[in-house]
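Next come the structures, one after another.
In what comes next, subunit A is part of two complexes: it sits with subunit B in the first one and with subunit C in the second one.
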Partner chain A sequence: MKRRVLYTFLVVALGLFSIFSGAVLGRKSVTLKGSDTMVILGQRWAEDYMKAYPDMIVQVTGGGSGTGIAALINGTTDIAQASRPMKQSEKDKLRDRFNTMGNEIPVAKDGLAVYLNEANSLAELTLAQIKDIYTGKKTNWKEVGGPDAKIILYGRENNSGTYVFFKDNVLKGEDYAPATQTLPGTAAVVNAVSKDKNGIGYGGAAYAKGVKFAAVKKDEKTPGIKPNPETVADGSYPIWRHLNWYTRKKPSGDVKKFVDYVLSKEGQGIVTKVGYFPVN
Partner chain B sequence: MIRKLTVILVLSAVFGYRMAIAAEDTLSQRFEDLERKVEAMQEPFLTMQGDVENLKKLKLSGYMQVRFDYADSAKSGLDNEAKNSSISAFGNNFYIRRARFKVTYEPSPLNSKYVFYFNFGRSGFPTILEAYAQLYKKFLPDGSIGADLTFGQFNVPFGYEIEYSSSKRDFGERSQAENALFPGERDRGVNLNFGFSQPTLPFDWKINFALLQGKGIGTGSSDWQDFTKAKDMIGRTRFNYKNYYLGFSYYYGQTYVEPVPFSSVWTDTNQDLVVDSGEVTYTQAKNSDLFDKVRSGVDAQLYFDLLPFGGTALRGEYYQGFGVGSKDSRFQGYYAWFSQQITTKFGLAYRFDRWDPNARENAKGDRVDQHDFVFHYYWDSNTRISFEYVMPKDELDPALAGDKDRKDNVFRVQTLFVF
Partner chain C sequence: MTEILPTARIKSGDSSVTIRVASIVKRFRFKEFLIEKFILVNSFAAIIGVILIFLFIFRESLPLFTDSEIQQEASLDKFVTQKEWQPVSDNPRYAFFPLLVGTLKAVGVASLFAIPLSILAAIYTTEFAPRRLREFFKPGVEMLAGIPSVVLGFFALIVMATFLQNMFGYSFRLNAFNAGIALGLAIIPTIYSVSEDALNAVPRALREASLALGASSWQTAYRIVLSVALPGVLAGVILGVARAIGETMIVLMASGNAALVSGSIFDSIRTFSATIAAELAEVVFGSAHYHTLFFIGSVLFAITLLFNILAHLAVGRLQKRLAGK
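Showing the complex of A and B:
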């Protein structure tokens, strides 16, 4: 009889352990997944945070905003990094699986730069011209005041938040021209434009090495503005966005500590160092 | 000597220069060759990229529910057959409740969708659950205001439960009211849906209008035929503000009852081949009948975080109306559903579900109150194991001596695989 009681107790204890090990012991690590635009930022935060809290493990991976949000819905990441807002269909999936509406935390601001090759004589583009170029209505640089040469379009893959943001806000929902060459990351877009004198690309301002930024004009009458901390902060640069974190529920425990750190003066200082703009 | 040395040096320089030019030529040629090879590789790569893009338009998804039911009725025999059709009354069984496979084709640019949805259920025979074409129209470029039109066989746009997939629901079956009112949850017809949804705003709104056959699916071999002239109509609207959802649904249709011709049946009881008195049974002719079928419903859902455990959902729905089965029936049903997520690994839920097919005051003994408890363990992102206890309670009829609650509780273990 005693043995039976003991076995029952052991089974119950094991069950309870398995429950709480997931809830308590397993929380010593925090995982971030998603936006390629934000992957360097996430890594820098993680390195700095782990120096301050050596018992914590913060894992950061990219894959694109869509991939990060899918991982949040599947329960395989604690935080999704996204450079675009969550879609309604994604919110619905999260709600149906976890009874939660998701929690959006803006962690940085980003000016979305339009990259040109340094040899390109063109310096300015209006929003309408950028839209016409990327939707395939204008295919030669001379149509927008540049040299007589075919425009070569570089862009991101459709799981990228940058792709979605650019489509929604610059192309106003229209589709990209089929000639757009899709590349797996902002760094790849910058690299392609830096080697192609007729190339044009778009992506985060933090990645601009070997290319120049086009000054963007809201319309023909307004001056061209390049993305920098001042123009993004005051909204005069027309293509900017929040870089967000998404959690399933309001942060608690170790996730909350990490969020608090990222929004602190130290965390926002790293935002500036990486080349983005603080939210406060 | 100096002259010889000078000649050798000049010859060496000329030779070296020629060699250097030759090497440079070779290098340049090799670089050009390499460039051509890379360009040549780009062509099949672009073709492959195009093929992959085409394949991405085709999406495959589905799920499977494998169960073991341990039923009280199995111990008590068929006399205790459950009143509730969704309860297994015939014993303890391993079975596949749902095995579903969906093929969706979404062309690009995204302005239409085509769906084939198959079910391999308890019978093992495949049936088509859904087959429809859906056309989208954006009224604003960002898609915040848009509409879609669906033709074919699809989910009936009434209430909350139908649109909420069985692959997500906490409980093995939908509520009793939904099972009684919408057999198969699908019908054939056309559905127009308007929607407003903007990610930066905290609310969204949907409105549906559908014309349907009205007989559902899986109700017989002639369920595709509707003898009523007018089609059944459904209107539904659903409003969402942050974590609050509220929906109203209204259904108006008609039920056609086939005429019964006059008939007489002779049973030669004493086998004397003579029509004796009492050996003929007469059935009087009945005209066909057409009566209204009206259903209305309201549903609400609320979601909030119960820290540090996880998300909590409260859901409820109320149905009422008349014209199910007979002209005079007036039904009423509702459920209240509590669901709690505990970390990403566990979940708990409870539902109280009432169904009264004849809600008139003088009708007793046909109402069923059902309590449903479930515990989930999420094995991984694709698999959920559930332990459920279903406890129907029968309304007792005071006019019937010895009337008592039937033994029809069920303990269920279910594994759900989703892909």
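Showing the complex of A and C:
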């Protein structure tokens, strides 16, 4: 009786192992890891690419830009997806380990939208006003031409690429006001602003259920511009960033084939479908 | 390996004589030996696991005390003297005070909400509820413990926050009050369950004696049963509060995570546990920020350990009391 259980177990284990290894060994794989902002994008590319080349496996995981770059440095991923540029310290580590400077491939553009509640009478903000709001210098909507109500700040956690990008490019490196409520994920920020009539938030222009985008003015004189494919692509919308892929060296072989696909017309078409903006 | 079976004492007449009932050489039972050792290893593995985890966490926070380069950015006196929690900055600041205030506020609200509620519920189930209701009540409340905390947190973030804001009309939608109520929901089963067991363990004779002396059933429940079971109830409270201090997902989602220092429970807060959860994933390995997060971890570990020891002592006291010592 016991022996039979043991044999059954062995047969099942062997069977599982052969199926699994057959599936993995018979196909070539490329791994993508990094930015949570880019996970959906990576997955759509992977699905589409694997349909066209059934002998390829593309594995996509998130975890954040820093996690992806760390994996690239440790050699556990082929491509790191990052919504922020690689830091000097990270480049140094890569050079120590692999003797390369890393290879940056911009694969999409992302306009960082400023979200307002739909009931907010305000429609336009200048970059300077947004900076003052997030650094805590302006705390009432009336100071920027809105209703007399306290501004409730929403943002991302400090481990997010979006947090760093907004801090560097909009706050010009200054610290966020301590009253900024940080939430896990852009979806949570959108949700919070949609439910808070005095709320303001920031995040990718791909997420927009239940909130409105503020039209952003570079300064007092220029017109306010909302993020959309044209304004982000031509750079007239002032808050945008590249979404990048990083590889250890110039891509070759399977990785290169995948990179070429992503930069092709089909690949960039998926960028638009997901809600980001093509690079060229 | 020889072993002697227990001997039996038989009283015969006025002198007690010990006779040997059986004395056989037992066979060495290999299987039993293996199983016994296997269980032994398992029970040790759990304890060793805890010790190793603590050593690891503590070791990772050690550079704050030894490494002078790290100390320039973060050290014990900086945790106390600085004013803000701004770890990702050109001028990083790691003040513990805002996080301490946040943690205390959330745990305070949770305690005020959950402790009276669960103790009263436990008294009701053991002392007043009809049998059929009692059988439905206990598993019902304990089912709350089965809800994953991330689900509770999500519920607090999406539904409860709006409901409470409409009710009280405060300006921060996510705040200490909202997070505290959600935390309270998470610790109610712990406090309720332990208190209920303690109340149930009070001997029936005490209740009957009290009623026979003319006390009403509320007087019996409050003056006799509750006061006898008090150490056990206290153990439940301590375990519940310890859980509230360490609980992460709920506060991460429901509290707003803004490290503000204020007296109002309707302001946003950032707790110790949520700070670790939010920041550890992408912190630069080996940086001052990294070691600081591990130091927070050690502090939380120490607090929880202390609370667990206190709860253990309280339960010991209850057992003594019930044994009539």
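To be clear about the criterion, the second predicted complex is superposed on the first by the 253 of 280 C-alpha atoms of A that agree within 3 Å, B and C clash if a C-alpha of one lies under 4 Å from a C-alpha of the other, contacts with A are read in each partner's own complex, and residues count from 1 in each chain.
In the analysis below, a residue touches a chain if its C-beta (ideal position, glycine included) is under 8 Å from a C-beta of that chain, and two chains touch if they have at least 3 such contacts.
This is a predicted model, so every value here is computed, not measured.
Visitor: Quick one: on subunit A, after the overlay, do subunit B and subunit C clash, or do they fit? Just give me the call.
Guide: Aligned through their shared chain, the two binders clash on subunit A.
Visitor: May I ask you to decide whether A:T67 touches subunit B, subunit C, both, or neither, giving the answer as first, second, both or neither?
Guide: Second partner only, subunit C.
Visitor: For A:G253, decide between first (touching subunit B), second (touching subunit C), both and neither.
Guide: first
Visitor: Once the structures are superposed on A, label A:V164 by its partner contacts, choosing first (subunit B), second (subunit C), both or neither.
Guide: In the superposition, A:V164 touches subunit C alone.
Visitor: I'd like to know which partner A:S121 touches here: subunit B for first, subunit C for second, both or neither.
Guide: A:S121 sits against neither subunit B nor subunit C.
Visitor: I'd like to know which partner A:A192 touches here: subunit B for first, subunit C for second, both or neither.
Guide: A:A192 sits against subunit C, while subunit B stays out of touch.
Visitor: Just subunit B (first), just subunit C (second), both, or neither: which does A:M86 touch?
Guide: first
Visitor: Which partner does A:D175 reach: the first (subunit B), the second (subunit C), both, or neither?
Guide: After superposition on chain A, A:D175 lies in contact with both partners, subunit B and subunit C.
Visitor: Would you check which partner chain A:L183 touches, where first means subunit B only, second means subunit C only, and both and neither mean what they say?
Guide: second
Visitor: List the residues of subunit A that touch subunit B in one complex and subunit C in the other.
Guide: Residues 173, 175, 182 of subunit A touch both subunit B and subunit C.
Visitor: Help me check something: in the complex, which residues belonging to subunit C touch subunit A?
Guide: Residue positions touching the partner: 84-91, 98, 157-158, 161-162, 171-174, 252-253, 256-260, 268, 270, 278-285.
Visitor: List the residues on subunit A that touch subunit C in their complex, please.
Guide: Subunit A reaches subunit C through residues 63-67, 70, 89, 150, 152-153, 157-160, 163-164, 167, 173, 175-176, 178-184, 188, 191-192, 195-196, 198-199.
Visitor: What part of subunit B is in contact with subunit A in the complex they form?
Guide: 49, 108-109, 138, 140-143, 164-165, 168, 197, 199-200, 204, 242-243, 303, 305, 307-308, 310-313, 339-346, 378, 381
Visitor: In their shared complex, at which residues does subunit A touch subunit B?
Guide: 19, 22-23, 74-76, 85-88, 95-101, 168, 172-175, 182, 248-250, 252-253
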